[in-house]
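Following this line, the structures themselves.
Each of the two complexes below includes chain A, the first together with chain B, the second together with chain C.
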Partner chain A sequence: MSKVFKEGSRAIFSPTVNVVVSEIETIRTEFKQLLAEGITELIVDLSEVKMIDSMGLGVMISAHNSLKKAGGTFSVINASKELYDLFRSMRLTQHFSVTSA
Partner chain B sequence: MNTTLGTVLIIDDIPLNISLLAAMLRNAGYQVISALSGREGRLLALKEQPDIILLDITMPGEDGITTCRILKADPRTTDIPVIFISAVDSIDIKVSGFTNGAVDFVTKPFERAEVIARVALHLKLRDRYVAAVRKEHTILDKLQSAQHGMLVKPDDMPDAAFAVSYRAVHAAGGDFYDVCRMKDDSFAYFIADISGHDLDVSFNTSAIKALFHQAVQGNNSSTDIVCSINRGIIPLFYCNGMHMTASFINLDRSAGMATLVNAGHLPVIHLSVDGSATLLEAEGDILGVFEELVLHPLTTQVKKGDRLFIYTDGLVEQNSESMDRMEGISKLTTLCQETAYLPLVTAVSTICSRSFPADVVPGDDIILLGVEV
Partner chain C sequence: MDIIDDELISEYIEESREHLAHIESDLLTIEEQGENINADLVNKVFRAAHSIKGGAGFLNLNTIKDLSHKIENVLCLVRNRELVPTPEVVNVMLISFDKLREMINNHQESERTDISALVEALSRVIVPELSSGQSGGNPTERTVQIPLPEGIETIEVSEFDLNQAAKEGNSVILAEFDLIHDVHRLWRTPHDLIRTIDSCGMLLESIVPLSGIGTLDDEPVSKIPFYALISSSRTVQELAETLKIAVDKFTVVIAGASAAMISVQEAGHSVPAVDVPLSIDVARIDSLLNQVGEMKKEKQSLQAAKGSDTNLIPAPQQSNQPVPLTTVPVTSRAVSKAELPAAPASDSTLRINVAVLDILMNLAGEMVLGRNQLLQAISRSDAHAIKAAGQRINTVTSELQEAIMLTRMQPIGTVFNRFTRVVRDMSRDLGKEINLAINGKEVELDKTIIEGLSDPLTHLVRNAVDHGIEFPEKRRSSGKAATGNLQLNAYHEAGQVIIEIIDDGGGIDPEKVAAAAVSKGLITQEQSRQMSDKEKRFLIMMPGFSTAEKVTDISGRGVGMDVVKSNIEKLNGQIEIESELGKGSIFRIKLPLTLAIIPSLFVEADQQRFAIPQANVVETIRIEAAKIRERIERVGDANVLSLRGSIIPIIRLANSLNINHGDTTATAEWTNDTSRDINMVIVTTGSMQYAVVVQKLFDSEEIVVKPLGRHLKHIREFAGATIMGDGKVALILDTPGLGASSGIDALSAATRDKQLSQAVAVDDAENQALLTFCYGTDQQLAVPLELVARVEKITAADIETVGGRRVMQYRSQIMPLVMVNDTANVNGPDEDGDLVVIVFEVAGREIGLVANTPVDSVESRVAIDNTILTQPGILGSVILKKRTVIIVDIFELVETLHPEWFTERRMIRYEASVGKTVLLAEDSDFFRAQIKKFMTDEGYKVVACEDGQIAWNTLDRQSEQFHLVVTDIEMPNMNGYELTRRIRTDERFQNMPVIAVTSLASEEDVEKGRRAGLTNYLVKLDREKLLEAIAALHDTN
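Moving on, here comes the complex of A and B:
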């Protein structure tokens, strides 16, 4: 389950569950729908997320790559310290903006 | 020869109902066992493993809906089809029954032909389900066997002086390792963690192995080898939303040098022969998603008797909710130190068994690869 706030071509996507394998298909579909609607700036707010597994990272990387190819941007905000360290250790912070809470 | 079409367990608190149903079913060729309460029925189901259960809904104490829910929650009875028998023909009750795992309903008073037809139908469906599951298990067993067959064993390459522990969560895993001779006294050690655990993941491991060997045999630098693997897997991974983290070590024992290339993977534990431990961290992009790869290799001196441990995250993220990898890595490092006096093979198996005792099922695939200089 996620909350989505849209304003023009910008969307803030706030998952209310952990971004893990059991939720991936739903999140992937929601991302695809946003991109199909013309969203070019996708911001994922991790305020309510405690955990992201490898499949969760995969869906975010896919969204980043799709947006980059279309000239858009993907970013992550409000990551907990642990999640920020995870993004940093995988060097994903060098590919898209990740800010901690 | 005394053969039956299957065993039916009837659970009903009214003995007359049991007698009526039992007579119908026995005449049709079924063996019948029975219980007068939900609890008694559950215990009998566990013990006798009937082929199908006819379960009354309205019973004193534990009602049929509750009995069904408990049966379905127990892996030992979850696959036994349950048909509810009820005098109440209410949609709400039927929906509740289906929601809790029933496959069908028979309404009282019983019609012999209907009861026999429904039991026969669900036994037939169950037989097909069991056959499909067996077929799937056979395929998974073959896949697991093929996947394990691809993994090099320490005895295959004694000069490489390594030991490994590998545990896959599912029949086919998403973690992978390989070892390959680069030149005379120099070996390449590679460990990878592909996102996900499903069959798509395991099918890719053979491609990664081929790419690894191809790159190593091309006399490339450590960085070039990893970049070459990345180029090879992008077409496989990119469109499927997959990625891979990996550690590559080029260990030159003659020169006393180890070069580490880490692609978004966990730090390598360097256990010195004097007992001190260091984490080797080399920054690098994950593989399979970025065409332009940035890798910062790390070269370090090693001495005879030193050990290097590379591993996948399943070993250090037991309490995944906390996501505290560093705590897991710290515990693993301590275990590496505590087992330093043991031969490498024993040390690796001891570290894994202490991290995950035999009765603990890991939440992710696990590889621990230990190398002795």
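Moving on, here comes the complex of A and C:
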């Protein structure tokens, strides 16, 4: 179960597991939940995440797309060096903000 | 790769050095071109930096990598015309490359090197450009849109990256991945995929088009497309394999050259052969050369044995006896690998064209065949076959030697090119403006010579910049252009390589140099007085010498010149200095082409053999016994040879080397022996020639030069020794040394030339060449040498008196004779002594002046006194060697004795001269006096000037006064041509007649005179012609 910190329409979502295919469904549901609650600013904290696989990326991109559609923002913080490089290589940083730890 | 080979690093360093070698001169050219950049050149430098960066990254030399990268950025901007390569920009790059070079040479320390200052400097150079760039961001990112296969979106990539890839011959390929299927199933993480992409090329750009993915509400997609734009030298097939996706997922955006080459390989053709140079260790080449040298000697032994009476082949009758095969010691050893020195550090390697190596391989093959042939022939005792095999080995050995020599030859440009930077930096530091011109970069020299030249040349160049060329203000005030010129020349001449360093600076002041040498106690005042200007200037080469007024940091104390000289002499070379005060200096270095093996002429003197290097031999001469008297003359206590119009000093080798065993012929007297023909070799030292008399002449051969032992090195007559085919030693003559020790040096040779030469060119204002002769007892007379046509020996009986006049029969004509005592109060000739007749041409006729021997010629630096002792027929007197010598006025003499030859013309002319004033410009005292006398005798008023400049000044000041100008051509300060031109371009003198009276008689000179505007051009010195020419002007007026 991921940690969530809410403050008004802002939420910081901190997964405690790797964002990989086995966890995807849970995370997807959690995201949907937050949006339904009216969160418009979603920040994903990756301090405890070591690995993200393709499905994980897919889910995060979907979340971004949703928020954009709703006029909100999606961002990532505390990404490890490896994860930060990944986001950068895939040029995802051009779409949403990614900051490293 | 985790393990980095030492070899890999060596190779990288060597390649980087190669790249760096040319960068300096390239950058300087770029600086010169300024805004008009040569894109190819900039690219070249860029790629050098790029290669260095690439290798450094691979080898974990990160500091080198970082610095090269920063340099790359700047170069990139320059290439895209977004940054002008101003001197400041180029400076930063030069310094950065210097640092790079430093780090490469010391790669272990390079990681710790601090490059922050340079990085900052490089960044600063770029920054002003950045701000003026396109809407924010790095101006290098002009982008190109590449449509994605789906057609919806595009991937944006910087134009620069695309061009970069294309230039490197890479392909640019768009690869499509599906993160879910491809990546997820086959790779651990997308991260691994990225890393793999990095390993097979460069990821230029990538994109995940978000649009196709949908939102959280949508069904989770089954496909997450990821596009990567990759620059790679690999083929699509290879990439497909490595990246684990199908070939049809690739789209080639730019097809690279590598793709083309590889497909050629696949088609089964070999990659086209390119002349890639190969690195070879110098020590191996030296070893090879030595082997060849040994082979030559063996070959000579072989020839000698064949040539001698040693029975190589026993006579057929002795066929029953066992035949000793080893009469000729033919040693053949395989060159074992162990003998070759181990490959040392990369410093002593050479780059050689592979084609040359192929030639060597071929020749080696031929050599093997020849050897086999020889061995077979020997075992069969087949004399004919042995000869044939010997021939073959002979030829191949020579070719082999030549080819190996070729490998060692390097162009001198490698040394010269450095100097552009040196001169540029030095002149900037000093505040001087200097233009450097380099000629002859392609002249090739042996590698060791080039290395040995590097220091001396650097010193000479720095000297020229520091001491030679003056500061701009000083140059301007002397009427020179503010920018000084420095020229470096290299060319071949007479079997040598000549290198010149020429500057148009202030020249070397012989007096200053001599004074400095005296004050340092290097020479005495007395010695200095006896030296010529040339010798004085050469004093700067003495150890312990320096005229630098202040010790500048730049070229040290000036004590280096003696080191320069000794370094050059170590290379068997010579150095000469030519200089003119105010105009500049030339330092000339002469070097032999190779050190080791040279063709030489063998001669014999007193049963000993000597070798003279072919490069020093001009020709060989044999003088028949009967002609000895004619060709060889005595001048003082030396003998000279007359050869096609020039006079050459002779030395007799046996005498010079003091090997006169049993030969009692003292020094010069050997010429008295006219019983045998004489053999001579005309040799040259580069600056002068002389003849060497030898007993026998032999063939020219190629010899291996062996240096003389320490205890013999000081003998200047010998340059080395060689071992001849029969095992005996022959000494090699050193022509300059031999000449010097025999008392012939450049100065005396030149003087002799001048004295005896019958050509006329008195261009030295102070000297008057005189032909002196005895006349009667204890009386010395003289006439100007230029007027003399011939000197003939006669006897008293030849003089006849006809009709009261003295004449003689001469070449089937009658020639009138005159004697000085006919008109002047001097003693008559000694009728019992040896008589000669000095032939002149006067008034269109030949006349002879009777004289006694000895007849000699001298140069008189002393002014002619034409006041005392003048009488009809006497021009004046001069003191030579403490004796009073009376100068004969041949014209006056003839006119007095034969007035009828002149009368008719005289009358016409007299009218012409009335009231006319003539301006005379003539630097020779004698001629000035003589011509003035002619004209005053005719009734003209004459104002005589010593040189063109004075003449002009006089004319300028008193322009109304003169009616005619008579001028010599060769004068100091302002010559006749210039004077004439001045006159012609001045309004006042447009119609002024100008007549030249000169010794320059060629058609060119006459033409030159005509173009300058001369009215008439006369050759010295025909009085009648001159006066007629002047009179003719009156007629036309």
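Just so we're on the same page, the second predicted complex is superposed on the first by the 101 of 101 C-alpha atoms of A that agree within 3 Å, B and C clash if a C-alpha of one lies under 4 Å from a C-alpha of the other, contacts with A are read in each partner's own complex, and residues count from 1 in each chain.
Assume a residue touches a chain if its C-beta (ideal position, glycine included) is under 8 Å from a C-beta of that chain, and two chains touch if they have at least 3 such contacts.
All of these numbers come straight from a predicted model, not from anything done at the bench.
Applying the stated contact rule after C-alpha superposition, one finds that A:100 touches neither chain B nor chain C. Once the two complexes are overlaid on the shared chain, A:69 sits against chain C while remaining clear of chain B. In the superposition on chain A, A:35 makes contact with chain C only, while chain B stays out of contact range. In the superposition on chain A, A:50 makes contact with chain B only, not with chain C.
Set side by side, chain B and chain C differ in how many residues of chain A they touch, and the one touching more is C.
Residues 21, 28, 51, 53-55, 57-59, 61-62, 65, 82, 85-86, 89-92, 95 of chain A contact both chain B in one complex and chain C in the other. Taken together, the chain A residues at the contact with chain B in this complex read 21, 28, 50-51, 53-55, 57-59, 61-62, 65, 82-83, 85-86, 89-92, 94-95. Residues 193, 195-196, 238, 241-243, 245, 264, 266, 283-286, 289-290, 294, 313, 320-326 of chain B touch chain A in their complex. Residues 21, 24, 28, 31-32, 35, 51-55, 57-59, 61-66, 69, 82, 85-86, 89-92, 95 of chain A are the ones that touch chain C when the two sit in their complex.
Contact residues on chain C toward chain A in their complex (touch as defined above): 179-180, 183-184, 188-191, 194, 203, 205-208, 210, 213-218, 220-221, 224, 226.
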